[in-house]
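First chain written, first letter: the chains are A, B, C and D, and each begins at residue 1.
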Amino acid sequence: MSDVRTDELMAVLCARQIHDWERLAAGANSPIPAAGVRLAQELWAPNAREAGSGDVAPFIGAKEFTQLIQRGKVDLFFFSAVQLDRHGNMNLQYVDLPDGRRRRFQGAFAAPIYYYSAKRIVMFRTEHTPRFFVDQVDYVTASAASHPRLRRHGTLTDIITPLAVLRYNPEAAGIELASVHEGHTVAEVQAATGFSLPLADGFGTTVPPSEQELEALHGPVYDSMAGLYPQFVARMRSEEKVG
Amino acid sequence: MAELYRSLAELAELVPDGTRLCLPKQYPFALLRELVRQGRRDLDIVAAPTGNFGVDFLVAAGAVRSVEAGAIHLNEYGFALNFNRAWEAGQVRFIESSCPIIEIGLHAGSAGLSFTPVPGLIGSDILRDRPDFLVVPDPYDPEVDVVLAPSIAPDVALIHGLRADPHGNVVCSIYNDERLVAQASTTVLATVEEVREDALDVLAFDEQVIPSIYFDALAVAPRGAHPLGAHGLYEDDHAALRIYVQAAKSAETMRNYVDRVVRGTADEAEYRRLAVEELSHV
Amino acid sequence: MAELYRSLAELAELVPDGTRLCLPKQYPFALLRELVRQGRRDLDIVAAPTGNFGVDFLVAAGAVRSVEAGAIHLNEYGFALNFNRAWEAGQVRFIESSCPIIEIGLHAGSAGLSFTPVPGLIGSDILRDRPDFLVVPDPYDPEVDVVLAPSIAPDVALIHGLRADPHGNVVCSIYNDERLVAQASTTVLATVEEVREDALDVLAFDEQVIPSIYFDALAVAPRGAHPLGAHGLYEDDHAALRIYVQAAKSAETMRNYVDRVVRGTADEAEYRRLAVEELSHV
Amino acid sequence: MSDVRTDELMAVLCARQIHDWERLAAGANSPIPAAGVRLAQELWAPNAREAGSGDVAPFIGAKEFTQLIQRGKVDLFFFSAVQLDRHGNMNLQYVDLPDGRRRRFQGAFAAPIYYYSAKRIVMFRTEHTPRFFVDQVDYVTASAASHPRLRRHGTLTDIITPLAVLRYNPEAAGIELASVHEGHTVAEVQAATGFSLPLADGFGTTVPPSEQELEALHGPVYDSMAGLYPQFVARMRSEEKVG
């Protein structure tokens, strides 16, 4: 498990993806992007609205959010996956085992449609390993590529990990290294990635959390999350005191 | 009370072997147990749009031939152990899909259409696993392609309602797909926690009424969602769920679980007694 | 209160000339009057799925270029006198359709699809009047034909809610198509009778909540449905409707009506005063 | 306007179209079919359910009933029209005027889909005239015909008028005379119909209302309608007393 400082950095990086007035979805059981949403709402995006969360009344059934995203109204969706490859293909479903069998996960969920429907997809991953960043996924649940006969509202943009921010370059149809977090190196990130990572335009060091961001996180953001994510908040706050 | 109301056993009899059965996630678990007691087999499940304990349980009991779903899991307990084991052993077929495809496929079924366009999907390996999905030039924009998928019009839908009035109007939460599933399916059966004259007097912001005209038969099943919860009435029974997940770790312990908990109870009254004694605190 | 809340005039400014505008039958009449006060023109109306006073009024005020609808009428008062007169004079175009085509077309629009299959219709002269409807062999049953229709994804939807909470979650009755229209349209604007902290605490069996995430802006418009009623709050004002229908009998009397009732009132407060004095008893 | 006895006969004829456990729709503002529905529910179809009426909770929006009928679940729909022709084509929209102009009515409503989607369509008409029963409709809103490349759940069956019951014969794709009400003749019906009417198999005199049917109508049926159709009930009951 990543440490508290890294989790806070990742929450801040999630928050920085969010602009005011955007519609977004962070997925259930993901405290770090959830903290990011609340942080952005607290500091610079008071009118950003997360589907079925906080002050937004719930939809009728699962289909209604699907319609919203297919209609092109969801600006940002935080996704996860089992594998992601150099071309931005994602896999939620099957991993090939050394003995030739296939390991089954839970299923494709909504990825084969949502990955094409959100305006921006941000991948969020609490471990940065070559097991996740593979050269070629074992099963393409959804593809990031654009081609002339394919209609899509958007695609993968950034991948946030404990080491770095990676970015999908649609022209090159490939994943590049956008920034490395303080305390880590390009070589370390490359070693943890199963394919070769070109440096993105504007590559640099990840801008660390500002004091204002950390204050908001430690105050109103954790306060508002204590009901839904009590263990996460307790862990973050215990470290806050000792750290 | 309207003639719509029948016994739980009578409802189960309306689901023959080989039924294409649609299940939203608020399972009528008492009715699922009754199907197993009656030895139902070869069910083709459409999970709306994902499946958890209810689907995994029917698979464990040997009642299922195939499952069409966006995903199958055991909620916070992780993988669907019985389903995955049966799938690996080739005992159950998984029909690859995705939540939005099932949702819009059910919508097309509900509207009497034979197919529906589906966005996205191009480049996904799911298209290889679903030869019945067609990639065609968009008739309104031939410069781009669009995927077509067959509509989903299940034979029978099974729903669990929070309460109903004596005329058979059923109140559900809005969090699952009871309404869509009722619209799409040929026969619609529901169990309800209770029947009350005032069931429709006041709704919460997250409740809806499914009109009686959808239903072919209803049965009263108090605590009918156990071991899962019923929205706003009672929580998931985690003691009972942990016993389930523990049993699910091997085919043999799961067989014992099904024999003891379901085949070993003559009806739901016995199940509730067993649940109080052995499983947890119903 | 959320920044979503704006003035009525600001809402009207979000509807430029030439907008494809979707109107369910619970009209935000105060907002329609404001559009006329601002001199809006060339609106293409999609009536969901039929139009009555609200559509006929916008046509009478010269704000409309075309109407797509299953039907246009004045409820129990019969023919849409202004619309029919403008149609006969070639001043407004009618796009032939049918209620289910509009409903399922809006659904397809809400789901980001470019088209939808539609049942029936074969043999109807509507197919001659809608060359954009295609008759093709059913891809899943080539022995039969199926009609395809383009999806409907309006630029702006206008809704009138019974109440809302300060965050912009809006309560509507379930009798009209506010929800579908909000799902299908690019921009969604609503007026509401009132804003209350407890708006969502209790719903009637025939109410629903439209979540705030749909809305781009909201305005408070008490009695905003007048001269029509707002479900459960106030009835149609038949005295005012009879004055409307009487005026609608000729182009000249209707012009006078629009000048006096709308262009002659600077805002809704003035309209309400006029309505009390001249029209009826608001 | 037809007289009270005829209205009662027509309500009874509507009722006889309904079987127990059927799903049906009678349309708003149609007191005679509404009385028929209640009469059938009272006497032989206690489980027949009319959409959005009586004990059946309302749908969300107009679309939900459309889905029900398109799904093939509506057994019986009472329809009206502006014109009906010898082939069962119906017209709700336009009538050609002698001067070559077209008179516009209100629109097609749901007919272009529902006419194909209900299992049985019963037309109900309070006047029997050659203006309604025309040789060829001026505009085909919906067609009754079947052909191999057309999928439909059902079609027009009966047309109930103050003079007679007409019936659509799908083999002949034409309308025939099923029965003539007591007090009327075939010649009278033919004269009031704008095309030639063959006699249907089993042609005869319309079976008049039974005592049981009239008693139920005068008692519980009118009682239950007094709220929604006060004028209709008052008229029916005033005649009941003097008649």
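Note that in this section a residue touches a chain if its C-beta (ideal position, glycine included) is under 8 Å from a C-beta of that chain, and two chains touch if they have at least 3 such contacts.
It should be emphasised that the depicted structure is a prediction, and the values quoted were computed from it without experimental measurement.
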Steps needed, at minimum, to go from chain B to chain C via contacts: 1
In angstrom, rounded to a whole number, how far apart do the mean CA points of chain B and chain D lie? 40
Need the CA-centroid distance for the pair chain A / chain B, whole Å please. 31
Send over the residues of chain C in touch with two or more other chains. 104, 107, 111-113, 119, 138, 141, 146, 169, 179, 200, 205, 208-209
Taking each residue of chain D in turn, which ones touch at least two of the other chains? 57-60, 66, 70, 117
Every chain pair meeting the contact rule: A-B, A-C, B-C, B-D, C-D
Okay, in this complex, where on chain C does chain D touch? 49-50, 69-73, 76, 79-80, 84, 87-88, 96-101, 103-104, 107, 118-126, 138, 141, 143-146, 174-180, 205-206, 208
Sites on chain D touched by chain C in the complex: 29, 57-63, 66, 70, 89, 101, 104-117, 139-143, 145, 148-152
Using the touch definition up top, name the residues of chain C that touch chain A in the complex. 2-4, 109-113, 153, 167, 169, 179, 183-184, 200, 208-214
Can you list the chain B residues touching chain C in their complex? 104, 107-108, 111-117, 119, 134, 136, 138-141, 146, 148, 150, 169, 200-205, 207-209
How about chain D: which of its residues touch chain B in the complex? 23, 46-47, 49, 51-52, 55-60, 64, 66-68, 70-72, 117, 153
